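In what follows, a single structure is set out as structure tokens and then discussed.
Letters A, B, C, D and E mark the chains in the order given here, with residues in each chain numbered from 1 onward.
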């Protein structure tokens, strides 16, 4: 008994607050949502169970195909920018830019989008894509005598992916650059002596050393993107029509525009199932359990 | 020379390299950074200019300088027919919220991250998987459910309730990131600490934590940022009007789409960004100086 | 503090045991050296004594008390890690003062003592540096200072001097010995420098693949190795071996090495009851070989390699198809390929069963009494 | 590859130079050992040759070409870092194969060679481990294997064997020497084991506080130390010193140590033009002292400490108020406090100016020709 | 003696009853008027000898209407909701269905609400009960640009009589379209017509104009009147095809809409009278920046939405604001009295003038200050031509779906027929048995 208590005391203290918080404000709500998905809760906030009606409604929704297509596009490309470019930024600003202060300047600039209030950030992009000849992109076109284009209507997904990508890239950048900073210097030195080119150092020293954050950011950003809609809402509101509506935004629209909490919960539940599948695949793909090494203090 | 097992050497010739050739990778790196960073710089320069000018020619070139948009700093400006609250109250409230969130999140996060990285106990993997999967739930979808929990606990309309909820929503991320950093701390210093008279807990905070400063820099900037810009939760879970934060101040500026004053909005946004910028640079400067190195790692 | 290890077993995976049923007793105030090939489990044993690793089975006793479940911090141990394990974020001074801080020694006093210890390891001028700014040897000395500063009851030194130059090493050795003696600290030293082990330790434990092979005082270890492994492991340069056959004729035993026949009864063997002849390894230490031809045993060979090491020459001599090493005065001129005659005293010969490796030599039953 | 360092200076802060105007030439295929006290700048020098640190001033030449701006990866160097610097996320095999991978050696071939090299350092059975699961000595051997696997033109070894046991160390030494010789690799070795330096290196460079003090072949270094620093630094155990006065009477010079007067003209000094008497340090290596009383010089003293190191006894003798060390056969029984008479050949005596430290002894002008 | 003492202390310090009132947006007179009313109430209470003092705590929510609704839902569950919740009348449906609010049938009979513009009560009625105290209403006129008409050669007289012609049904929707086309083709204006870029009530006005029905109050069902909706879609399709409206109108920012209108780039603008207020607050005019009501009146006229057919009835749509009373309130009687007092004509007029809205009672409209207001005085008559949105909780979904269809036809992504078909599917899906389809 005593030893059991002793063994569990430390992890219990360290994990206690974490587990309690998560249980109360994350785990329980998730259970509640799963229940709500089977009700027709609406603005009156009554829990009336209606079986699978919500799910039936979802599959017969005329726009669902378009929404799913958008979701896949959005996810794939934004994730690519977030992780790929984020890593590139992290490496560029910590490995190539050797002067710490210069690296910091670049990192700071890339942080700007993230620390801007989303409305303002969206505003900046709206200006960038402005349909008039004064928009940044259009004024570039004007230089070569091309007529202005209404980017947000003609290419809503591209705009959304770019805007989200830039924000997401800064997330990756911060985490990766911190991780790269933690690599002992003598490893770089050894690699240089071993004849490693810059590319080889990146591939064989930096990437393996940041593999945990890399994997984490990929997985986390994947899930975040799957469930995020804020910038879409601000840039295109899912429009024109359903041209840039994604599942998460749809869930939001159902729950908080139409006050169909039940239906909204059902949409999220579908999202979660998709997320579950993908995370499972990635968990295996990244061989995550291997990264939970055993303790060397016994 | 031709003896046992060793194949004949190709003798490499050393070319007197110009300094330029060596610098090519760096030049390319700077080039990529510069080109990709330029649009962002432009966007924010525009934001800055528009906060200081009455009007923008072509929406881009400032025509007349004015400080009018910044007058919210020394007086309570009027917007849309009603007086806005003092910016300083809002700043203070935001600061309290973001500060307490950061402290709570960093503390709980590094506790949990350490446990997940370094302590062996059954259920470690399960916890990691669970926290990840919870993230698959769109947090908006959870609002209703979280409301029920908060209401049950009597924490509805309390800023501390929101701090707890926000912490819970973010803590998995923090713990995950931090775990990666703990993984890279050599075991031997931890051993040394224990032998030098520390308990496991003391080792954790006197020795291990200073070694993951870059990781702490990363998570604290993210939690501060998210607290600073938190809007939805505060907006949803508090009703009293005495908790105006910068985010809700900003909301007042944009809530009526008919009455957006873009000059004022730019100025307020810049003001809004400033503290995070300062916090970012401060954490980067103080925490990114890594003290790794020395000794052989185990 | 008296330390006892009883039936200690430790394995890192389920396949094999890194430490295998280890029994070792270290008396209070004793200085013991651990010797053994790389990877034999010396560091692991130390870490178990320190309480970092928990044995899979077996017990560790401190002064007769079982301490398996005692936390490292409560064991009052000082340790130099093979990897130094300095705290990278602390200055040299803070590193050294750290154990005192944990003992809640007042700040001033703590830094005072840390400074003194730093002076002792000749680091007084580097107190403000971080470990990353030190040379290898300087780092190692910080580790040493940190281990001794709190005057622990038990001192575990895992190669504490490996990166120091010869002079400094001798000085540090003397410091360690002095502190150990003055404070009566029970000390365990892992070292690969046999001279270090010999001169510093009261007893030496020789390990191999997680087993304890021999545990005795330095001279006994040197002169009376228990088996072939110890004989070939202890002593630099290592003992020379020649293969031979032991057989008994008319109650008189002899060893035959090529043409050489050495009479061994009485002098070397208690009695040899073997009927059949038996393969043996005959060992002679290089220092026991003289370049004369008037000893008990004469060995003929040809010079195959001469290396000068300052105060003498190390010569490789080909005997039959085997090589043996010996030392020759630096002023004697030898030529490659020339014939050479080496002699040795019969007492200097060691005999080991070629199959089991056990020593066959008669040893007076002496028990080492530590005082 | 011939390596030249010209006027090399390096400092880590603006206060003092870690390396100070260093000039050193290493011929193609030569094996040079760097010797010097802890923190004198050996590792820093190595890292500058490797191209990791850039000198503040001065140049590094490879085969006559200035390479200051050549990237480390283009220098074709193999290096064992004092800290090993193993790649923690790669297995032993991958660590060793890494340099080959950079040379774009095909995968199969690469692993084949890495395995062979691993066998050579006796790690064949640990290929799948990560560095964190190895013992200290095993890690060091991985570092060694990684340095030699690509058969570089230049091999930089920063204490490559410090954590290996005596036997393994000898084996590894032989491997390194063999590869070095076979492939003609220009090699620089930092070691604190003087025997290692003596037996392995063609030339030894002795450094002190970032300066090169003496650079010559091992025997010359041993026998003809240029100054007091080298004399006391080289040789284990270190040379004994007694303080004396050198003076000249009737064109005949002599050294007076306490009551002992040693006649030194002709035999030791070219000529001593000094009018006034001068303080000198008189050095005699412990191995040059014999327990007889028929040598050129007789020194009387009392036994103050006896240490057994197996093949002989190390005895501290008190002479006047100073101590000297000597070796005595193990079978001679000495008693503490008893008087003892030591003798030495006059040739074995070294004389150093007490003020400048410069050697006063006459040295035949011999130039070392490396072959 | 004890009783006396306590009575005495009570006399000194009256019992304070706090009533919380909430509104959203910048028009804080909606709650400030309640404070003013509470002063009157306190006087009345004092006169009646009741030892109660009513204190009104006010709060103005900033954010979207959806969020405003959401907050009330949650606050109500937590019993932290305001006693008086001011909101758009269309919310009455869900508020009543969810038992959030009290029915206020008595109010209709009170003297303060006697002279309410009769049609307006419809807006506060749901399931045969009155659920809200009417607070204000507004007009959503069509603005026309006088300068452009002048360029087309219209005389001042013609220009100023246009609203009257519309009122009489002489100037139809088609005429309006043609006029817009003329202005555009002659280069007098860049665009003919501009409407709001985002979803909103205005679009339903067109359905009503085409004779459509959106809601069946007796069955409490949303009506999908296919014929009318087809016409509605067709209308938007045509004005888009003929390029009378800017390209991608539905993706233009509000401030640009204002700029277009104020700078005279468009002849017609489906707006709201509060826009006059907006234009006085923001720098929309290229040269002048902010423009006041007088300027607006000189350059713009306001008219009803013309009838679809000659002689038909023109209309407008309004969106009355109501005070609703939380079902949890502890002082229903006091709250009701407060709501009666807040209908005071002066308070109404004050609010109307400050925020460019219309009062709900005749006496309010008669208020001299109100009458004197150049903009409001001109449009007060519109209350008689007004229509409302249904009070059903299914309506937001309907509105959103119709807006999407309009967007689709305007962008030319769908023909009106296609859009209609898709709309039907969508509505069936969204509304289920809440929907009633009229072929």
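Brief remarks on what is shown
Here is the rule we use: a contact is a pair of C-beta atoms (placed from the backbone, for glycine too) under 8 Å apart; a residue touches a chain by one contact, two chains touch by 3 or more.
Being a predicted model, the structure only gives us computed values, none of them experimental.
Note on connectivity: the fewest steps through touching chains from subunit C to subunit E is 2. Taking each chain's centre as the mean of its C-alpha atoms, the one that lies farthest from the centre of subunit C is E. When chain centres are taken as C-alpha averages, the shortest distance to the whole-protein C-alpha average belongs to B. Ranked by the number of C-beta pairs in contact, the top chain pair here is A-B.
As a whole-number value, the distance joining the C-alpha centres of subunit B and subunit E reads 42 Å.
Per-chain CA centroids place subunit A at a distance of 14 Å from subunit B. Averaged Cα coordinates give subunit C a centre that lies 23 Å from the centre of subunit D.
Subunit A and subunit C, compared by their mean Cα positions, are separated by 58 Å. With touch defined as above, residues shared between interfaces to two or more other chains in subunit A number as follows: 184-186, 209, 256, 296-297.
Multi-chain contact residues of subunit D (touching two or more other chains) are listed as 71, 74-76, 83, 88, 136. Multi-chain contact residues of subunit B (touching two or more other chains): 187, 191, 194, 200, 262, 292-298. On the subunit D side of its complex with subunit B, the touching residues are 62-63, 65-67, 69-71, 74-76, 83-84, 88, 116, 131-132, 136, 139, 151, 153, 179, 182-184. By the touch rule above, subunit B contacts subunit C in their complex via residues 186, 188-189, 191-200, 202, 207, 210-211, 213, 291-298. On subunit D, the positions that touch subunit C within their shared complex are 12, 35-39, 42-44, 82-83, 133-138, 141, 158-159, 162-170, 192-195, 198-199, 218-219, 222-223, 232-238, 285-288, 307-312, 314.
By the touch criterion given at the top, residues 66-67, 69-70, 73, 77, 94, 97-100, 247-248, 250-253, 393, 396-397, 400, 404, 407-408, 411, 413, 422, 425-426, 429-430 of subunit E touch subunit A in their complex. By the touch rule above, subunit A contacts subunit B in their complex via residues 7-8, 10-11, 13-15, 17-19, 21-22, 24-33, 36, 41, 85, 88-89, 92-93, 96-97, 100, 104, 106-120, 123-124, 127-128, 130, 132, 134, 136, 139, 166, 171, 174-175, 177-179, 181-186, 198, 209-210, 212-213, 216, 219-220, 223-224, 226-229, 248, 251-252, 255-256, 261, 264-265, 267-268, 271-272, 275-276, 279, 283, 288-289, 291-297.
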